[in-house]
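Next come two complexes, and both contain subunit A; in the first it sits with subunit B, in the second with subunit C.
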Partner chain A sequence: MTHISDSQNTDQRRFFQRYAPYFLLAPGVTWMALFLVIPLVMMVYVSFWTQTTFAISSDLTTKSWVTFFSSETYFGALLRTIRIWLTVLFFTFLLGYPIALFIGLFVRSKTVQTLLLVACVIPFWTSFLIRVLAWRPMLGKEGAVNLVLQKIGVISQPIEVLLFTELSVVIGMVQIYVVFMVGPIAFMLSRIDGSLLEAARDIGATPLMTFRRVIFPLSLPGVTVGAIFVSVMVLGEFATASALSGRKVNLLGNIIVTQVGSLKWAFAAVIGVVLTIVMAIVITALLRLVNLREEL
Partner chain B sequence: MHHLTKTRWALAVYAALFLVFLYGPFVVMGILSFQQGPEGGPQFPIIEWSTYWYQHVIGIAPASRVAPLPVGDALIRSLSLAFATMVVSTILGTLTAQAFRTKFKGSGFVFYLVVLGMMVPGVLLGLGMSLVAAQFGIDRNWWSTAFVLHVVYTFPFAFLVMLAIFNRFDASVEEASLALGVSPRRTFQKVTFPIIFPGILSAMLFAFTLSYDEFPRTLFTGGSQVTMPLAIYGTFSVEIHPNLFAFGVLTTLFSFALLSVYAILMGLSARRLSVRSTGIQEDVT
Partner chain C sequence: MLELVDLGKSFDGVSAINGVSFDVGEDEYLTLLGPSGSGKTVLLRLIAGLDRPDAGRIVLNGQNITNKPTHLRGLGFVQQKYALFPHLSVRQNISFGLTNHHSTPISDANEVNRLCDEMLEIVGLSGLADRGVGQISGGQKQRVSLARTLVTKPKLCLLDEPLGALDANLRERMTVELRDIRARLGVSFMHVTGNEDEALGMGDRMIVLDKGSVIQIEKPADVFSRPATVSVARHMNNYNILPGSTRNNHFVFAGSRLSIPANVENAAFYVVGIDKVAVEPVEAPERKDAASIDATYVASEFMGSRVVYLFERQDGQVFEVERHLSRETPVNYIPGETRRLSWDVNDVLTYAPDGSLVNNSAQLRGAA
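Now for the complex of A and B:
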C-alpha cells in the first residue's frame, strides 16, 4: 500500500514540477487577457459600429472609417502626430546622446555617474501634469525665457511664438521624455570594455574613428530601447499638447479624448485602432533592431 | 589624449546646460509658488512674496474665487489606488518572473503579452476598457475599472525588474540549502527572499509611483470620483493658479521623503544580508 501511495506522490510531484511555470503564469496571463487583450479587441469591434448623433448601435458598418480618411481634421491629426513624434524623437536623441556619452563613458567614478543619473531622474518625482504646466510661465510672452533673453540683450522684443504653438508642445515633450533616451544609452555605453578603446588607440585610430567604428555601434541597442520608450509615450500623448498649445495642436490622442467626451464611441474607436496600427508598425520595426529579452 | 580632455570639458559644460534645461521649469515653478495671493497669477513678476498658495493648498487660506484643490479626498483615493496597485502588480510580477526561471513552451509569447501592457498608450486602454464597461453595464470606478488598468500598466515593470533580479540570481545557493535538508518554505524565507528583496522593493517603488501619477487610463475609467492627477487635469481647461505650483512643490518633497525611506530600506537590507551570510548556519537550523 505504502509503495503505491509513494509512487502516486512522486507522480503528483512530477506533475506539479512539470507544469509549475504554467501555475505561476496563470494569474498574470489571465489578468492581461481580461484587461488588456479584451479591451483592445473590443475597440476594434466598436470601430465598425454604426454611429448616429445621439446613439450607437452594433450594426456593422465601415462608415466611421470612411469618415476618418475623408476628413481633413482627422487625417490631418494623424499626419501631425507622426510629424511631432519624429521631431521629438530626433531632438531627444540629439540632446540626449552627448549626455549619455558623458555619463556612460567620460565619468570614471561610479558615484558621480550615479549622482548624475539621479539628477536626471529627480524631475520625475513631480507629477507629470504639473511638469507640463510648469512650462507655461517659462515660455509665455512675459515668461522666464523671454525675461532672461531680454535682460542679457539677445532680443529686444519678446518672442511670442514660444507658447501656444507646435513649438511649445515639442519643447515640453523633449524636456519630459529626453531622460528616457539618456538612460538606456548611458547604460549601454557604461558596459563598453575599456580595453576595447585602448586596443583601438593602439592600432592608431583617432578618437573620432574610435567613436564611429566602436563606441557608436555598441551604443545602438541603447538608442533603440530609448527610441521605443520615447515613441510609445509620445504617440499616445494628449495632455502636453492640450496644455501647451491652448488646444490648437490636436494629436490623435486629443481627438480620442474629445470624441469620448461627446460620446462618439465609434469614431473614438476608429482613431484608437489607427493609433494602435501606427504604434505596432513603429514598435515592430524597432524591435527588429534589438532583442529586448537579451538586453536585460 | 589632449584632444579628449577638451571633449570631456565640452561635454561637462553641455551637461550643466542640460541640467538647466531639465530643472528650469521647476525653479520657475518653485519661485512662482510664492506669488502673492489670491490676485497674483502664475506669471512674472512676483507682486509680493507670500505663502498664501501653500495655505490655499492645505485649506487654511481665507476663501477666495479660486476653488481649492480637492486635496483631501482625491489624494487619499490616489494613495490607496497606488497602494493596491503596488501590492497586486508586485505579486503578479514576482510570480511571472519566477515562472521564467525555467524554460517553458510559449515563453516568448507570454513575455511580449506582459510587456505589451506597458507599451499600449494609456488613452487606448482607457478607451477600450470604457467600451467594455459600457457594453457589459459595469460601473466605472477608480477602485474597479481604473484599478485593473493600473495593474496592467505597472505589472510589466515589476515583471522586468524581477526578471533582471532572477537573471543575476545564483540558483546553486538555493539548491545547496534544499540539498542540506532545509524545507522549501524555510529556504524561501532564509535564502531566496533576502536575495530578491531589493528587487521586490524596486518593483514596489516603480508600481507605486507610476500608479500614483497615472492619468490617461484613469481619465476614461475612473468614474465621477476623481484621483489627484484627474483633479489637476480638470484645471487645464480653466485658468491655472499658483496653487498648482505650491502643490507641485509639496508633492515633490513628499516623493523625496518616500525615496529616502526606500534608500534606507535598501541600505538596511544590504547590511542585514552581509550580517546574515556570516551567521547563516545557526540561523537556518
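Now for the complex of A and C:
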C-alpha cells in the first residue's frame, strides 16, 4: 500500500518538476492572451465588418479600409501624426540630451542626480489635463509669452500662431514628454566610467572629440529607449492635440475618439490597426538601430 | 626631459603630495614605489594633467606645462583599470588616439591600420584586432591599453600599477615584456607600483614615495642595500628592524646588548637583512665582530627557491631568517626551541630616531 503511494508521490513530483516552467508562465500568458492577443485579433476582425449609419454587422467587407486610404481627412491625419511625432521626437532629443548630459555626466554625486531627476518628474504630480491646459494662458493672444515679449519690446503685435495651431501642439507635447527622453539618457550617461573620458583626453582627443566618439556612442542605448517611450506615447496622443489646437489638428488618436463617440466601430478599428502597425514599425526600426540586449 | 619642481596637492585640506621634486630622463625606465595612500596615483594624475597641483610646477623639455590641458601635453597615461572603450574593437581602441588627435589626426585608413598592426605586433596581440574588448582576457586588455597609449608616441608613458590586476604568471611575463617594449620604442616609462619586487626588478632608477614625499631616488640595487630611511627599509620587506637605543657603544634592544658598527651614536633602529643572519645553537661561542639575540623558533615558510624561518624575538615581534635553497638544504627546527641568531656587525644598518640612516657599513665595506 505504502509502496504504491510512494511511487505516486514520485510520479507527481516528477510531473511538477517537468512542467514547472509552464505553470509559472501560465498567469502571464493568460493575461496577455485575454488582454492583448484576443483584443488585437478582434480589432483586426472588426475593421472588416460592415458599418452602416445606425448599425454594424459582421458581414466582411473592405469598405472601411478603402474609405480610410481614399479620404483626404483620414489619410492626411496619418501623415500629420507621423509629422508631429517626428517633430516632437526631434525636439525632445534636442532639449533632453543636454539636460541628461548635465545630470548624468557633469553631476557626479548620485544624490544630486536623483534629486534632479525627481525634479524633472515633479510636473507629473499634477493632472495631465491641467498640465496641457496650462499652456493656453501661456501661449494665447493675450497670454504670458505675448505679454512679456510686448512689454520688453521684442514684438509690437501679439504672435497669434502660438496657440491653436500645430506649433502649440508640438510645444505642449515636447514639454510633457521630454522627461521620458531625459531619464534613460541620463541613466546611460551616469554609467560611463570617468576613466574612459580621461583616457580619451590623455591620448590627445579634444573634449568635443571625446563627446562625439565616446560619450555619445555610449549613450545611444539610452536615446533609443527614450525615443521608444516618446514615440509610443506621442503616436497614440489625442488629448494634447485637441486641447491645444482647438480641434483643428486631428491626429489618428483624435479620429479614433470621434469615431468611437459616434459608434463607428469598424472605422475606429481600421485606424486602431493602422496605428498599431505604425508603432510596431517604429519600435522595430529603433531596436534595429541599437542592440539593446547587448548594450544594457 | 620631464622635471617636477616642488609639486604639492591637497584634497579638502589633507595633503596628498608635498614638495615632490625629481626629473625623468630620456629613454629611461623609472619605477615609483609607494604603499597605498602614499600619493602615487595623485602624482601620476598631476603629471598627466588630470588634476591641477596647488603648488610647484611641471616642466617638459623646458616648457612649463603645469596648467596645460591633458590632451595637449603629449604624455601617455595607462590607467590601472585599462579604461578601454567598450563600444569599440581592439583595433578601434588602438587607433583612437591616431584618428581623433587634436591637431594631427591621421585620416588615411591604410596608414592607421599599418600603425595599429605594428603596435599589435609589438604588444603581442596580432590576430586579435577585430575582437571586441569584452571578448579578451585581462592580460590582453592590459596590452591593448598600453598599445593605445604607445601608438600616439607619447614623450613619456605613465603606468599606474600596470601589473596589479594580473595573476602571478602573467605578471612575471609582462615584467619582461614591458622592459622589452620600452627598450624597443625608446620611450621613457614611469611605472608606479606598490610592489617592491616590481619596483626593484624593472626600474633603471627607482623613487620611493611615502606620505606624499619623495624619500629616496637611486638605482634599485642601492635602494635595496642602503634604504635611506627606516620606512624604506620596512618597504623592502627584506629587513629585521629592532627598535631600541644606543648606550656605551652598544645597541640595547629588549634587554639585549648588540654590537654596533664603529662611530654610531644615537641610533633608534637597528636593521639587519633577513638573508644575513645565521641560526646557531644557543651555546655557540660569541664570534668577533658579531651580534646576536636568542629567539624562539615558531614556523617556517617554504617559498620554492627559498625558505623563511620565523622566530619570536624577546619583544614578541617576528624575526625572519631567509635561506636560499640553492646554497643549502632546509633545516627542520622544533617549534618552541630557542636558537641563537647572529650576524656580522658590518651588515648592520642603523637609523636615527627621525628615521634617517646613521651609518652605512655596507658601502664602507664595499669601498674598502
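The definition used in the following text is that the second predicted complex is superposed on the first by the 270 of 296 C-alpha atoms of A that agree within 3 Å, B and C clash if a C-alpha of one lies under 4 Å from a C-alpha of the other, contacts with A are read in each partner's own complex, and residues count from 1 in each chain.
One rule holds for everything that comes next: contacts are C-beta pairs under 8 Å (C-beta built on N, C-alpha and C of every residue); 3 or more make two chains touch, one makes a residue touch a chain.
None of these values were measured; they are calculated from a predicted model.
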item	value
First, second, both or neither for A:Ile159, with subunit B first and subunit C second	neither
First, second, both or neither for A:Ile82, with subunit B first and subunit C second	neither
Subunit C versus subunit B, contacts on subunit A by residue	B
Partner chain in contact with A:Ala200 - subunit B first, subunit C second, else both or neither	second
Touching partner for A:Pro217 - first (subunit B), second (subunit C), both, neither	second
First (subunit B), second (subunit C), both or neither touched by A:Ala134	first
Touched partner set for A:Leu95, first subunit B, second subunit C, both or neither	first
Complex contacts: residues of subunit A adjacent to subunit B	20-22, 24-25, 27-29, 31-40, 42-43, 46, 95, 98-99, 101-103, 106, 116, 119-120, 123-131, 133-138, 140, 142-144, 147, 175, 178-179, 207, 228, 232-233, 235-239, 242-243, 253, 256-257, 260, 265, 268-269, 272, 275-276, 279, 283, 292-293, 296
Partner subunit C, residues of subunit A touching it in the complex	193, 195-196, 198-206, 209-210, 213-214, 217-218
Subunit B residues touching subunit A - in the complex, by the definition given at the top	3-4, 7-8, 11-12, 14-15, 18-19, 21-26, 28-29, 32, 42-44, 91-93, 95-96, 98-100, 102, 104, 108, 110-111, 113-125, 127-132, 134-135, 148-149, 151-152, 155, 159-160, 163-164, 167, 209, 213, 215-216, 219-220, 228-229, 232-233, 236, 240, 244-245, 247-248, 251-252, 255-256, 259
List of subunit C residues in touch with subunit A within their complex	48, 50, 69-71, 74-77, 79, 81, 83-87, 96-97, 100-103, 145, 148-149, 152
